[in-house]
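By letter and in written order, the chains are A, B, C, D, E and F; residue numbering begins at 1 in each of them.
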């Protein structure tokens, strides 16, 4: 359920609207459910709506943990 | 693709899998339910079962909105779509779902009903403006993820004074269904050991929403992203909790899930919707307080209010084992309808409806084996 | 005869009526653009002197929307589509026919653009459009323009390519990335609102296939994975030959924007249409040579060996994922619809 | 694979999607009805071993409304139409292709009826339908079904028939009454409200033409006067050959109900479509033999010599009326519309 | 076909023609106008000029309703057809008639206007009933023959209470036009010696309607049927009268024309319609009291009342000689536009519009000769 | 102008309605503009309406005159 993908905000296009990019594919999306978005932020996109901001620091942390778990196996 | 590809690294995945093999106690069986159909989809798309130890079993839950939608509700949508003034719109997933007598929205469209596929609910606004003489009905389905966009649709229609738009609301609530799964029926024991919690639902409702499950049922919940590494990490976290006899809510998808989710979205949803006292989930049956309806203040946008809808009795196949499958009590192939006659092309129960359904996934994954057995 | 108004004119019922207006359309637009001796003759059929050999005969109608898209239009697509079906049995294509079904009110300027594009595709392929037909349907009973192309070609002596000839152990080759055409068309659908730099892969493959059969006459079969994509086409071949297939996900090229469109819409690129790709199945001994040969040509530059034919009474097409899991690539009932879950 | 519901089923988008539903439609309806080795092979093209000779290649799309009419339907019409275009150059037709463009929601039962009718026409003609294609368009973007047929045939050695070969002094023969198909379709249009016992003349003419070219290889050309009728078709031939024509009104057969429909609607039968008639032009010496031969066959039983080719730089087709006056049979711009004045 | 074929007997026709050859005085020229386009059509369809003596010349009159319809009226119809709510319906003849800038109803339909062809005006009733949300406009054209059916249409609509139907009325009157033809302009002498009167108009208005022409202008009128023998007999009757210096109304079509025509039809027409004080005939110009409009009592069925129609100025080509051609003052080929650029495919004046027009008929009949002359 | 043809009334089908035949082609026509029609009568049909009854006696008379005129030429 709930197909959603991380997309990058590449422009703020109007109140509650932004242009988002994923792998070179762009679409205008609704960002009215989030406050304080900036160009360069990543958001979780679902049915044309940004549901949450993606926290880069947390993402890096998760990756680090994964790599650490994996490293134990090498 | 940033924040996607890195979580699909095959080499890391194999190392993680080895980690899980080491973690898993050969003396016990781990039955972990991925509640969400998106997880089921990922499990099979990436072929994860092949990587896992035999005693770490993934049980597929009811988290696919089109699967659990009761046939009655689909029949109401079909009924609406046949009204000449109505343009019925919904998501692509919904169009192929079979109702009774081989009907579906796609077939109704072939028969002349005006049915449109939407990518985003806001397109319904455009349709309503383009066709002022028609009635646009948005057939809304989905979990907490999809609910805020529907709320925005109603809000916009209200602001713009659009009067020829309404919503047939079928939004359902994840924790209520998890609660039902964990509540044993007479003679049953709870058949799962822990939940892989849905990442995207949780971006809205937050990780706090799962607190009751460890507390009340003693089952751990790990919210997991949808990439294969996310899933493997979450499985490892669950195995770890179970090994340690813990039951906590953990958040593997911390990159987008916070304890309280998206408060702005939750406020908006709260403003537009209220809980139904009970709602039927296809496969699970009636689940108390498990779905939303439009509040009386917004009744003019409620298709259930605007149109007189009949409520035919849904008759599920009496031999369908979906209730047991969705509770993890039975495997799909333990249903005597599985394979013949129940197949993805001819689904007889909720779990066979979409490729994310437990039976459909099992069917596809095990089809080779099944067909071989049938020949013997 | 007065001049056709190719700037502001519209298709009228009379353009299909068999009278002066139709003759005008044919002479001032079609015969002029396709310009060859057979059309110039103005008969109801073309008479062709072909070299000796088995005749290959193929036909496809084209109904794409939008009519114009990055990388082509319905006209070039119609030419490539039939050329490729001829090419897949190793034939050298010799001639095409074209049948237009025009909707009353369709802009003659757009028709002229499409016809010019067909003419160019036909010239580039060196295969003339030798006969044709035009019908006009009332407004609301068509969709601008539908184009049927049929074609004839000659199969060189000694070749016998057919979808029922795949044998366990054979190698499966693919000439390039999958899903480009399908993803391109999706991003052109206004209602979805996507913008992406994805071009249709529409192109003629007959030069590539002629080189392939010349060097590797042992080829079992070729097929272009158009509608239904790679997955359905391989299922077709598996069923025809009564075999299974084992593919390697990692070997199948998908370009990034196509992958991104699929992520956004919940689609699988293996089920998206291609219009300039081919699958070739050959005995394993010839596979490396065939691969080199394909990669040496622009149409096959991203070619890859993507799997092998297996003995499988179930005729399953399976995909080994990057994670080592195996997934069944089942038939789909129809083109995948965008999903939310 | 589940069974196609040929009783209550409707065409769905999936039937053109390239997946299982399409494969089902092809195997359970088309391949079964058209039943031949080439279709059974399931390739994207047919490979045919044809006798030596020049290849004739023709293509026509069919968009008739209503789909069913006395004397035929869009299916039999589609078979006859292309067979006849092949036959007109003296070719023996060897194979047909078929391209369906189906509208979403079209009843499968009607499609099955049409397919069965095509199969029967193809069997009767002894010309198999060897390859094909199916597309489905959204409801409202088609009109039930459109059918393209293309065909190939072989022209016997030594024959050279072409519309540019008519010479002054040649005789013009017609194989039977004119206007039957056009008048039949008009009387089937509900809105006009007419009832008449008029059958379309739709039929295959290749056996007749093969007999004709075998006996009279001196034939200059043949053509079937379909859309645009006898008058426009003769104008086409006159223009191609750079000649005039002088016809005798009294010699041109028109059956009474066709004449009556024309009186009622203010139409001229010489401009109405035919689907089972041919015009033949031959040197005057061979005309009587040709006429006898045509009359000896059911398709040509009402054949007549209707005029002669004249030297006329204006390329006029003229008709000597029963009253001795002469009337110019000009091109018409399109099919005639019913008139009140 | 009964009462048709016998009047097409070629042998009788030749004998009749010989009779006319004997009758015709070689010392004089007979210029007989067939008023009606139907006669013009028959003249060429059967090739009658070849049968007649050179000094019996047939002059083609304005009796074709689509030819004489002023372009302004067609442009009003086009304007109506472009309104989204309007379904415009008319007879097949009308659809191809060119208005300005290459427009026509057929082209407007190709551009998306909802335009339907009718065989009978009553079909407009059905259309109105089938499309209650639309406005059906019947673009009515024709002479006295076609007017009673339009009257019946209005009567039925009224009886049935159909409110979404109206008529754009362009019915015109034969005797008024004949009057205009016989009224010389400054510097002109009347150029015709007698009229072949229209049979079908006369079945409605009766032969008495032509009494003024012999009386006032000294010109004989013979009402003739449309079959070739009818025409030949009428020509013979006119030649006879002229030889005898008579001017009477004679009725060759006595099998369906009576002195007072169809009184029931005339009463109905009188009830629904009144004369316009003047109406423009394309080619003839303004002709007083020559057309009908719907009476105020039935204004609700009058498209001119229901819709706001603009009345653009019609600009005929200044060099077009139709006024002289239609009065018999000039032959078509004496117009300098004839042939180039004015042709049936590109008509510049009324007489070239339909195959019944004087110039179009001349063009077709004499095209061979014309083309030859142009080459020289 | 005014294409009209003689058709035979083969049945009276309702008030003001009749079935007409011409050379085997049939259509329901409006006969409300004429009174006292009977099956077997011929009428002049225009745009679906019977405008006048055809008088058989007069038709024969016309033919007789034509034949007489022609006979003079033989």
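Note that contacts are C-beta pairs under 8 Å (C-beta built on N, C-alpha and C of every residue); 3 or more make two chains touch, one makes a residue touch a chain.
These figures come from a predicted structure and were not determined experimentally.
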item	value
Those chains which touch chain D and also touch chain C	B, E
Centroid-based (C-alpha) most distant chain relative to chain A	F
Chain pair that, of all pairs, has the most C-beta pairs in contact	C-D
Mean-CA-position distance for chain F and chain B (Å)	75
Chain centre separation in whole Å, for chain F relative to chain E (CA means)	22
Chain centre separation (chain B, chain D; CA means) in Å	56
Chain centre separation in whole Å, for chain F relative to chain C (CA means)	62
Chain F residues counted as touching two or more neighbouring chains	1-3, 5, 22-23, 46-48
Shared interface positions of chain D, touching two or more other chains	12-14, 20, 192-193, 256, 259-260, 263, 333, 339-341
For chain E, residues contacting two or more additional chains	1, 4, 37-38, 64-65, 91, 119-120, 142, 146, 345, 356
Those chain pairs that satisfy the touch definition	A-B, A-C, B-C, B-D, C-D, C-E, D-E, D-F, E-F
For the chain B and chain D complex, residues of the former touching the latter	102, 106-107, 109-112, 345-346
Contact set on chain A toward chain C in their complex	1-3, 5, 22-28, 45-48
Complex contacts: residues of chain B adjacent to chain A	1-4, 6-7, 11-12, 15-16, 18-19, 22, 36-38, 63-65, 91, 119-122, 142-143, 145-146, 148-149, 152, 198, 200-201, 203-204, 226, 229-230, 233, 236, 252, 254-258, 261-262, 264-265, 268, 356
Contact set on chain D toward chain F in their complex	187, 192-198, 256-257, 259-261, 263-264, 266, 339-341
Touch list for chain D against partner chain B, complex	2, 5, 10-14, 20, 104-105, 139
